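What follows is a group of structures, each given as structure tokens.
The same chain A turns up in both complexes below, where it pairs with chain B and then with chain C.
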Partner chain A sequence: MIEIADVSLVDWSRAQFALTAMYHWIFVPLTLGITFIVAFMETLYVKTGNEEWKKITMFWMTLFGINFAIGVATGIILEFEFGTNWSNYSWFVGDIFGAPLAIEGILAFFMESTFIAIMFFGWNKVSRKTHLLATWLTAIGANLSALWILVANGWMQHPVGMKFNPETARNEMDNFWEVLFSQTAVDKWLHATSSGFVLASVFVIGISAWYLLKKREIQLAKKSILVAAIFGLVSSIYLVITGDNSTRTIANDQNMKFAALEGLYNGSEGAGLVAFGFFSDNSSDPNNENLKDFNLKIEIPNILSYMAFLDWNAFVPGVNDLINGNGKYGIMSYYDRIERGKVAIAKLTEFKEAQKAGNKELAASLKTELTSDDFQNNYFKYFGYGYFDDPGDLVPNIPLTFYSFHTMVGLGFYFILLFIFSLVFLLKGTFEKKRWLMRLAIISIPLAYIASQAGWIVAEVGRQPWVVQDLMPNVAAVTRISAGSVQTTFWLFAILFTILLIAELKIMFRQIKIGPKH
Partner chain B sequence: MFENLSYLALQQYWWALISLLGALFIFLTFVQGGQTLLYSVGKTEGEKTIILNTLGRKWEFTFTTLVTFGGAFFASFPLFYATSFGGAYWVWLAILAAFVIQAISYEYRKKPANFLGAKTYEIFLVLNGLLGTILFGTAVGTFFNGAMFSLNDMNQVDWQTPYRGLEAVLTFHNVAFGLTAFFLSRVLGALYLIFTVNHEAIVARAKKQVLYNAIPFLVFFLYFLTRLLLKEGFAVDPDTGEVFMEKYKYLHNALQMPVNTVILLVGIVGVLWGILSTVFMNRTKGFWFAGTGTVFTIFALLLLAGFNNTAFYPSIYDLQSSLTIQNASSSKFTLATMSYVSLLIPFVLAYIVYFWRAMNRRKITEEEMQEESHVY
Partner chain C sequence: MKRQNIFLRVWYFYFNGFKNMGTWSRQVWIVILVKLFIMFVILKIFFFPDFLKKTFDNDKQRSEHVLEVLTKSK
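On to the complex of A and B.
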């Protein structure tokens, strides 16, 4: 009754979702941040009445418009792909997951689309103050849009606020506030939006630096750097705090992901943090190709334990502790979890068959058993593990997760330095004399995008094979369709998005070259 | 408040909201219809610019309504979302692709170094208008004619044709609704131009287009409606949940839900008045009559599909897999929670209307295209 999709279908479906999500995420972070930067600039214009600020506002708004259009284009596919490619998921958890998506549409998207039209076309139609309000509401609307989808994502990483209903064979929400205010969801939103603020700040500083290097638009560039460096610095502090919180929630709720992003195979007390490391091609465990040796690593003792549990000597479980279990620290092995998951699936199958056969008495007693607290906490909790036989399949791609995580964190700290240097030299009036800094600022733009994408690789690759943590693996979530169909649409979208991206970049570069309207 | 309502009442409330969103979306496809008129109404570059700037300030409403329609469907009837989107894979992805190419076209068409050239972006807009409306309309047609799927015990969908939904075009009744949506969108698009633009040539040509498109619209719509009222429908036994075929089901629905039928008729009269008053009486506000009429008509049609013990997404492969507002809905808790959120809809509508009026206070002219800082 419970059928599992073949691997190539799962891989192509994942590839298509990753393609869409990553393309979409090229454009979203800039939108999240630059709308605020533009709103600050316009506020300065309205306060001071200085036309220079209006010119600056309108210049960045033009770049924002180019970026926004393609963000919208890639976003619509993403929303519907939950249904088109993950239809079994859509039913299994639609009762919880659908609500944030609907709220996003009703509350956030309409706000964004109403006020963005005023922001672009309203200069001569509404009063100065109304226009400023529209700009602020666009920024707030964009960031609220991100809230709801990240609540949904946070819920997949750490499902709360629901119970399983055997009748409908799905999870049903029983506490909306738990879903909305789940620590994972809140951290995710704050971390993702503030990463957008940082990316947008780097973008503004980089382009302004290019102008300074070319000795043009001096006023615009300096004023823009001032706004962006302050905004970027404040956002970075926020980014670090929310990132730090996120690590702790991951360590508690997704310990396999945590082990993966630290490349920690064997757990220990007072675990050290690998600040820098390279994997070799050799497996450290012949039974599991995901476990690679480190060729080189620089480790800082005890930091990992503190990061994860705020205790220098706490035990941090590694991949092997999770797979094989660790009695001393009360960790149930993946072998046991698989057994329990299989019991849960068998019980549900039995219930469905009793129902079909019209055996009401048996069905009723099975239902009581299925929904009992004991069964829920000891068996159903591991439902998703029942789809697997080999615990090795429950380990994500460790090198990819590890490298992505370290790239993201490293670049995050680098941007803080960039903001500090930019601000210091700007205030000293020597920014435009430091050619190295201007060049550095320009090449920092692609780095910001790399850091941002790496963040999502950590979040999504690191939790594989789970679509909903512990409950639903990707093999059970995917739409049953031929792998060939998904392969075809993958390439169609890959080509379409790439063409659109080229167009976007060309237009963007040209607009930067043209500069503000005088 | 909402938790005191019965489960069925909540399911009906949400079906009504979905129907309203669907109806608003069809109304807002005036943007799509207008795009397909680009070459027949706009002859010079300046005229095309006026047309695209007129429509371009509203395209996001249509787009957002589509996205919200999808999200709200997911939240309130997740089994439909899973079944139809996962099942009729090719249809939905084709519709989405048609909207992807729209989203960038306005912004990129006139920009220097735009890689594909202005003409390509214009063709994208025409394609969006053509495919977006016809395919969406055809997909809605399957609400009345059924689709080829089955569901297993776990409510997982298996589609029974390799065409994944594209086979809907083989049923003419579906296509008739697709074409109805297409010609209606062109009528509405032309009416919107007449209502908003202050440019003699554009208005004169748009007026002709209202007439040219109203005729096929009426032919397809009347065919669709008559056939609907005469055909067998997918009825549900309220006690057992069993789905069975009932002769004249939709006619019965129309007779048993008189208020809904009045809404339908008022809607049709509104659309007709919008068209006639523009073509024969030289009025310029036909857009509002036809637009409101469209919302009424589509709303009432969608209620016919889902209310009164009817399966709104029937399976012609396995009748008992058919979706009804009862077996496809979210849990009572989720529907009640979402209903509180829905209380904000009037507020959202209010600010949309307020700012729409603020932005449309003056008619669009050639001069404005030169003064405006942000031109598509």
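On to the complex of A and C.
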């Protein structure tokens, strides 16, 4: 029995996945970045032999340990949800995800049981250099572990290196390297990990600033700010570069997401970048409620064209160009994509019926047709569009995507200023006299988490309704179970994760208050 | 002096490490163990069965089911 997935089931399943992923991402970026900061500090200890650096290293290692321990395995719940709530998706992509997730699991296990154990248990038991090596390998391992998850996510954003097998209803990997080195996957990994470096730097500066405000742990705070501000500044510049690359990849491979994150409804040559804008409640298009008018916007001419295609006058398609098509620029309309998607679904249905009827000859001929390059490139490529009748349903939530993107970018540039001010005043020896800067640094810690979460909202809300871009929308991916049971587990998770977060904050705040001496 | 067997050295490394943990380490280990128990014993078993594994006996049936969903979803 196949029931049609209702909106409530899809929405609750999405809400549950979003909740779990966002809670998981509270813990991950700090781990990605603070491990490198700790490694730099320990390197300074090993090079100089200065015991103060050892004390500093051990203090930040403790905070890393608390964050790591509370966050560990929270991502496993996402895998539970694949099997229970997203079983069709899970089956559809199984062969592609198997390899990266298995590598991630093995890497994480060995990293956690070996290098982290040496980091925490190995002081005075292994040589200084061996301990330092374990610390560096923990940092590198944590970031490599993230690579495999982000490769899987990158594939969902831009599926490559596979072929759909109608007999098994699965995508089968035919080129591992194409999956691994897809531009989307590479951009995603570099951008997500460098955002973790920036978050961790803000975290270290914020806590150090708190010590300076309290006039305690002065040496630890100053030395920590020095390392974190340099690391944060370099990472921020790298973050801008990776973000810029990522934007270009999105403009090419996910042009609806690109139009949504800039609130661009009608494309133009020499398109301007909306640096700042507010939406009104009124829709600019009576046929699409999602296209809200801007109440206010500040636009910088030509920048968007340059960002997207490195050409000041390039044409950047807007939402309406994508829906209605634009012959002049060779853009196929969503109406045409929907038609082609329906042809692909009809052909797959024919294949299924032939198999059911035991007509092997017809099934074999349909399989040949379905898997031919011509059919794959002209019809199966648009398979997911076939589930829709109204192209308006293929437009993501534009205000949420726009605000999240601008929040992320705005805060990213604010952090650059924070690192520069921190470094300048520290080198001038006046940091601890600037109370406004110390307060700002403390307030910046939650802002770094907001920027980090906003980045994922851009990535995931901006590509709706797709679970696998162009191939599988969430309505086809979701398991036909009762929406009530998904609601129950949603609240269970909300409670469980909130308790975990409170536990982390309590243990961490206490450890910060105790400081490094104990 | 004769060096200890490598396995014994690894064993004592972990054993002494856990034995000499500080307060915060003990607290986070309690959190980890409670969390893993809730996740794998309660959530996984009672709330998150693998739908396709639980509902169908073999991969052929699972493929047929997904194919059915893919061709009938609206």
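As a working rule, the second predicted complex is superposed on the first by the 507 of 518 C-alpha atoms of A that agree within 3 Å, B and C clash if a C-alpha of one lies under 4 Å from a C-alpha of the other, contacts with A are read in each partner's own complex, and residues count from 1 in each chain.
By our rule, contacts are C-beta pairs under 8 Å (C-beta built on N, C-alpha and C of every residue); 3 or more make two chains touch, one makes a residue touch a chain.
If you're wondering where the values come from, they're calculated on a predicted model, not measured in any experiment.
With the two structures aligned on chain A, chain B clashes with chain C. After superposition on the shared chain, chain A has more residues touched by B, the comparison being chain B against chain C. Of the two partner chains placed by the overlay, only chain B lies in contact with A:E104; chain C stays clear of it.
Within the superposed three-chain model, A:E172 lies in touch with chain B and out of touch with chain C [touch as defined at top]. In the superposed model, A:F121 lies in contact with both chain B and chain C. Contacts of A:V475 after superposition on the shared chain: chain C is touched, whereas chain B is not.
Looking at the shared chain after the overlay, A:I345 reaches chain C, while chain B stays out of its contact range. In the superposed model, A:E432 lies in contact with neither chain B nor chain C. After overlaying the two complexes on the shared chain, residue contacts for A:Y387 are found with chain C alone; chain B is out of touch. When both complexes are overlaid on chain A, the residue A:A73 reaches chain B and chain C alike. Once chain A of one complex is fitted onto chain A of the other, the partner contacts of A:D95 are limited to chain B, with no touch recorded for chain C.
Counting contacts as defined above, chain A residues 2, 62, 65-66, 69-70, 72-74, 76-77, 80, 83-84, 87-88, 90-91, 117, 120-122, 125, 168-170, 352, 479-481, 485, 489, 492, 496, 500, 503, 507, 510-511 meet chain B in one complex and chain C in the other.
Across the complex, chain A is touched by residues 13-14, 16-18, 24-25, 27-29, 31-32, 35-36, 38-39, 43-44, 47-53, 59, 62-64, 66-74 of chain C. Those residues of chain B lying in contact with chain A across their complex are 57-58, 60-61, 63-64, 66-72, 74-76, 78-79, 81-87, 89-90, 92-93, 96-97, 99-104, 106-108, 111-116, 152-159, 162, 164, 330-331, 333-334, 337-338, 341-342, 344-345, 348, 351-352, 355, 358-359, 361-362, 371-374. In the complex of the two chains, the chain A residues touching chain B come out as 1-3, 58, 61-62, 65-66, 68-70, 72-77, 79-80, 82-88, 90-91, 94-99, 101-107, 109-118, 120-126, 130, 134, 165, 168-170, 172-174, 176, 352, 355-356, 479-482, 485, 489, 492-493, 496, 499-500, 502-504, 506-507, 509-511, 514, 517. Taken in their complex, chain A has these residues touching chain C: 2, 4-5, 62, 65-66, 69-70, 72-74, 76-77, 80-81, 83-84, 87-88, 90-92, 117, 120-122, 125, 166-170, 345, 348-349, 352, 387, 475-476, 479-481, 485, 488-489, 492, 496, 500, 503, 507, 510-511.
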